[in-house]
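What follows is chain A paired twice: with chain B in the first complex and chain C in the second.
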Partner chain A sequence: MTREEVFEKLNEVFRDVFDDEDIKVAESTNADDIEDWDSLSHINLVVAVEKEFGIKFSMGETQKMKNVGEMVDIILERTK
Partner chain B sequence: MSELEYPFDGAYLLKKRKSIKRELLARIEQLEQSGTKILTKKIAVLGGSTTHDIKDILELFLLNYGIKPEFYESEYAQYWNDIMFDNAELSEFKPDIIFIHTSTRNITSFPTVRDSAESINAMLDNQFSHFEQMWSKAFETYKCPIVQNNFEQPFYRLLGNRDVWDFHGRCNFVSRLNQRFYEYAQIRENFYINDIDYMASCYGLQKWADPFYWHMYKYALCVDAIPEFAYNLANIIKSIYGKNKKAIVCDLDNTLWGGIVGDDGAENIEIGQETSVGQLYSEFQTYLKAHKDLGVLLTVDSKNDEENALAGLNRPDSILKPDDFIVVKANWDPKDLNLVETAKELNIGNDALVFIDDNPAEREIVRAQVGGVAVPEMSAPERYINVLDRSGFFEVTAFSADDLSRNEMYKANVERAKQEASFADYGEYLKSLEMKAEIKPFAPIYMSRIAQLTNKSNQFNLTTLRCTQADIERVAADGNYITLYGKLEDKFGDNGVVSVVFGHIDESEKILFHIDLWLMSCRVLKRDMEFAMMDSLSAECKSRGIKKIRGYYYPTSKNKMVKDFYALHGFARVSEDADGNAIWERKIEDYENKNKVIEVNK
Partner chain C sequence: MNEFTFEDIASAQNMEQSFSVTVTQEMMRDFLKITGDSNPMHVDVGYAKQNGFPSCLVYGLLTTSFYSTLAGVYLPGKYCLLQEVSTQFAKPVFIGDILTVSGKVAETQETFKRIIIKARITNQDGKTVNRATITAGVLK
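For the complex of A and B:
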C-alpha cells in the first residue's frame, strides 16, 4: 500500500466516524483540527482504523501518535 | 433497521453510529407525525468504568425498538456515589430506569491463599452489601427498575484449575458473588441482571476482558464487544417496556423438518433420532415448543396442502404436534397474506410476530410487505436456535402464571368462536359461557401481570399509560387511588387478569374522580367485561363519596376501537382538542349497573 492509498482509506474512516463528508486529513492533522475529535471519539476512531487495516495498535503506539502522519507511519510499518 | 438485527456487524455500528442515529431519529419523527406514540425513557447509566460508547450504541438499539432514550451518564466510576450521596443532577433527571455498569474490575478485594474461610466469607458479605446498600437506596429514592450487571469471570487464574472450586480462588469468589446477586434478584421485583458473565463467555473471555481496553481507556470490556453488550441490555429494557414479540409464525419444509413433505411424503422427511439432520430439527422443535410455556404463541404459515402439512406434524417422532399451533395456515396463498390474517385472528399487531422461514425469497417478501414483523436470518438449520435465542425477541423480564397458560387461553377462544356461531342471540351466547369475574383492588400476586398488561395492551386502552411494576405498586398503596383488576373465567377456561383500571381522587375537588388508565385485553372483547368493571368502579366511587367521574381518551394509531367507549357508558363529552384528545364526564348518582351476564366476586 502506498502512503496515498492509506490516506485515501483513512479519509473514509474519518468521514464515517465523525459523520462529516468534507473531512480531508493531512500529515499534520490532529485532534485540534477536527471539532468532534475528543478523547472519547478517539477510541472509536482508533478501533475503526484498526478494523479498516486489519491491525491492532499497541498501547505504546496508541499513546505516541501525535497526528495522522504518525498514524500512517505505523499503519505502513504494520501492513508491510 | 436490518443493520441492528442480530447477527449484526458490530464494527460497522461502532463506526457509523452517527449516521445510523440520524436515520433512526428521522424515522421516529416520521412515525410521530403519523400519530404513533413513541415511548420516551430516561435512562441513568451509572458506571464503574467508561460508558461512553455503551450509551451511544445502546441508544441505536433502543431507537430501533421504538424507544427514545434520554440519558444521564455518571462521571467516571461514580455509580455508587451518585446514588448514595444523592447526586443533584441525577435527582433532577428522575430516571425511569437505572443501569449499573459494574464488572469484575469493580470488585475491591479478592481472597488470597493466606485468607481463612471465615475472612473470605466476611469479604464476600462486604462486597455484596456494598451493592445491596446502593440498590436499596436507589429503589427508595427513584422507585424505578434497576438493571445490574453480574460479574464476568476473572481473566486470569492464579490457582489454575483449582481457582474455580477452591474458596481461595478468584473465579470461585466471583461465582459466589454472582450467586448472591441472583438470590437478590429472586426476591426483589423490578431488579434485573444483565448477564455479562454469559455474554463474555459467548464472546470469548480473553478478548472480552482484554486488559488493553481497561488500562488504555478504562473500559471493562473490549470496545469491539460493546455492540453485543448493548444489544443484550437493550433487550432487557425493551422487554420491561412491553416490546417483546408475542408469536412465532413458522414455515414447515426445511424449517421445522428436513425435506419437502409434499414431494418426499411424510414418511421421508427428516425429523426424529434416525439421522443427524433429523436430530438437529428435533432439537429445534423442542426449543420452539418450550416457548409455549413462556406464553409465546406458535402458528404455521406454509406453502403446502393442509393435509400434507398435518401429516408431517402428526408423525409420531415430531416433537411439535398440530395441537401446539393456535393457527395453521397451510395453503398456496402468499405468505405475507397468511401472516397478516394470522395476526388478525390472534388479535395482535403485525409487529408482535416473528416469521421464521429458511427460504430467503419468502423472508424478503414478508419483510417488504409487512411492516414491523421480525424476520431473522434463518439460513443454516444448525444456526436456527442460536439466531432466535440471541435475537432476544422474547426476553423474559416478567413471568406470570398467565404466560404458562396463554396457549390454552387462545385455544379456548377458538372454541368460543365455534359456540358463538351456534347461538342466534348474542346475549344467550354470553349467558351460556357461564362467566365468573373477580374484580378487586390490585393484589400483590397480580402486580407483575398488571404491569405487563399496561405495557402490552394497545387496542382497548383509553390512555395508553405505560407503567412499570414499581408504578403499579405505588398507586396500589396510595389511598387517593382506586385500583381494580378484573379476572374472567368461563366454562372453557380461565382467561386470567384481563382488565386493569385505576384513577385518583382530585386533589382539591374531593367529589371528582379521574380515570388514569382503563384497559382490557382483546382476548375478552364483547364479553361485557367492561360493563362489569364500570359497575364495580362506580360502586367503589359511590362508597367513597365521589359524585363525578372524569374519563380521558388519548388517540393513538391503535386504539380507535375505544374512541366512543365513554359515550357507551353514559358519559358526556366535555372537550376534545384538534388531535382528538377527549375528556368525558358522568355523574354517579344515576348510574345503573349494566352487566347482566357475568357473576362478579361470588
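For the complex of A and C:
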C-alpha cells in the first residue's frame, strides 16, 4: 500500500468518525485542526483505524503520535 | 457490585448480565425534581389520556438511566468508565412496569480496554421498550 492510498483510506475513516464529509487530512494534521478531536473521539478514531487496516496500536503509540503523518508511518510499518 | 476486569470479559464469550426494577411514582417525582421536565405527558394523566395513552408516560431518560446501573454495577461493574450510550425508545413505559435491563458484550477493544455492549430493556410482558448500544472503558 502506498502512502497516498493510506491517506485516501484515512480520509474516509476521519469523515466517518467525525461525521464531516469535508475533512481532508494531511501529514501535519493534528487534534488542533479538527474541532471535535478530543480524548474520546481519539479513542474512536484509533479503534476505527485499527479495524480499517487490520492492525493494532500499542497504548504508547496512541499517546505519542503527534500528527496524522506519524499515524501513517505506523500503519505502513504494520501493513508491510 | 461486580468487579469484572477487561481480561475477565475478553476471555468470556459474549458475557451477559441483567437485573429487574419496578418504575415507581416516587422515581417520577424525583426525576421531575432533578430535571425540571414538567411536560404534561409525564405529569398530567388527563393530558396523557387525551393523547391516547392509558396514563402518564415514564420519562424516556428515566428508563435509560438504568443503563448507568447496568454498566456501573453489573457489566463491567466497579471498573466501568461510561463513554457512550446510543439508544432508541421503542415502546412507552408506565408507572408500575417491571423492567428487565440486560446487556451482552458484543465487542472487546484491546488497545483502550473498551467494551461494546448491546443492551435492551423489556417490560413485564416481554416487550422491548428500549434498545441501546453502550460503550464503556474498563479501568482494570
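Note that the second predicted complex is superposed on the first by the 80 of 80 C-alpha atoms of A that agree within 3 Å, B and C clash if a C-alpha of one lies under 4 Å from a C-alpha of the other, contacts with A are read in each partner's own complex, and residues count from 1 in each chain.
In this text, a residue touches a chain if its C-beta (ideal position, glycine included) is under 8 Å from a C-beta of that chain, and two chains touch if they have at least 3 such contacts.
Fair warning: this is a prediction, and the values are worked out from it, not measured in the lab.
Of the two partner chains placed by the overlay, only chain B lies in contact with A:A48; chain C stays clear of it.
In the overlay built on the shared chain, the residue A:L40 is in contact with chain B and with chain C. Within the superposed three-chain model, A:M59 lies in touch with chain B and with chain C [touch as defined at top].
When both complexes are overlaid on chain A, the residue A:D32 reaches neither chain B nor chain C.
Which of chain B and chain C touches more residues of chain A: that partner is B.
After overlaying the two complexes on the shared chain, residue contacts for A:F18 are found with chain B alone; chain C is out of touch.
Within chain A, the residues touching chain B in one complex and chain C in the other are 40, 43, 47, 59, 62. Only residues 11, 14-19, 22, 52-53, 212, 215-217, 219, 223-224 of chain B touch chain A when the two sit together in their complex. Chain A meets chain C in the complex at residues 40, 43, 46-47, 50, 56-59, 62.
Within the complex formed with chain A, the chain C residues making contact are 83-84, 109-112, 114. Residues 13, 16-19, 40, 43-44, 47-48, 51, 59, 62-63 of chain A are the ones that touch chain B when the two sit in their complex.
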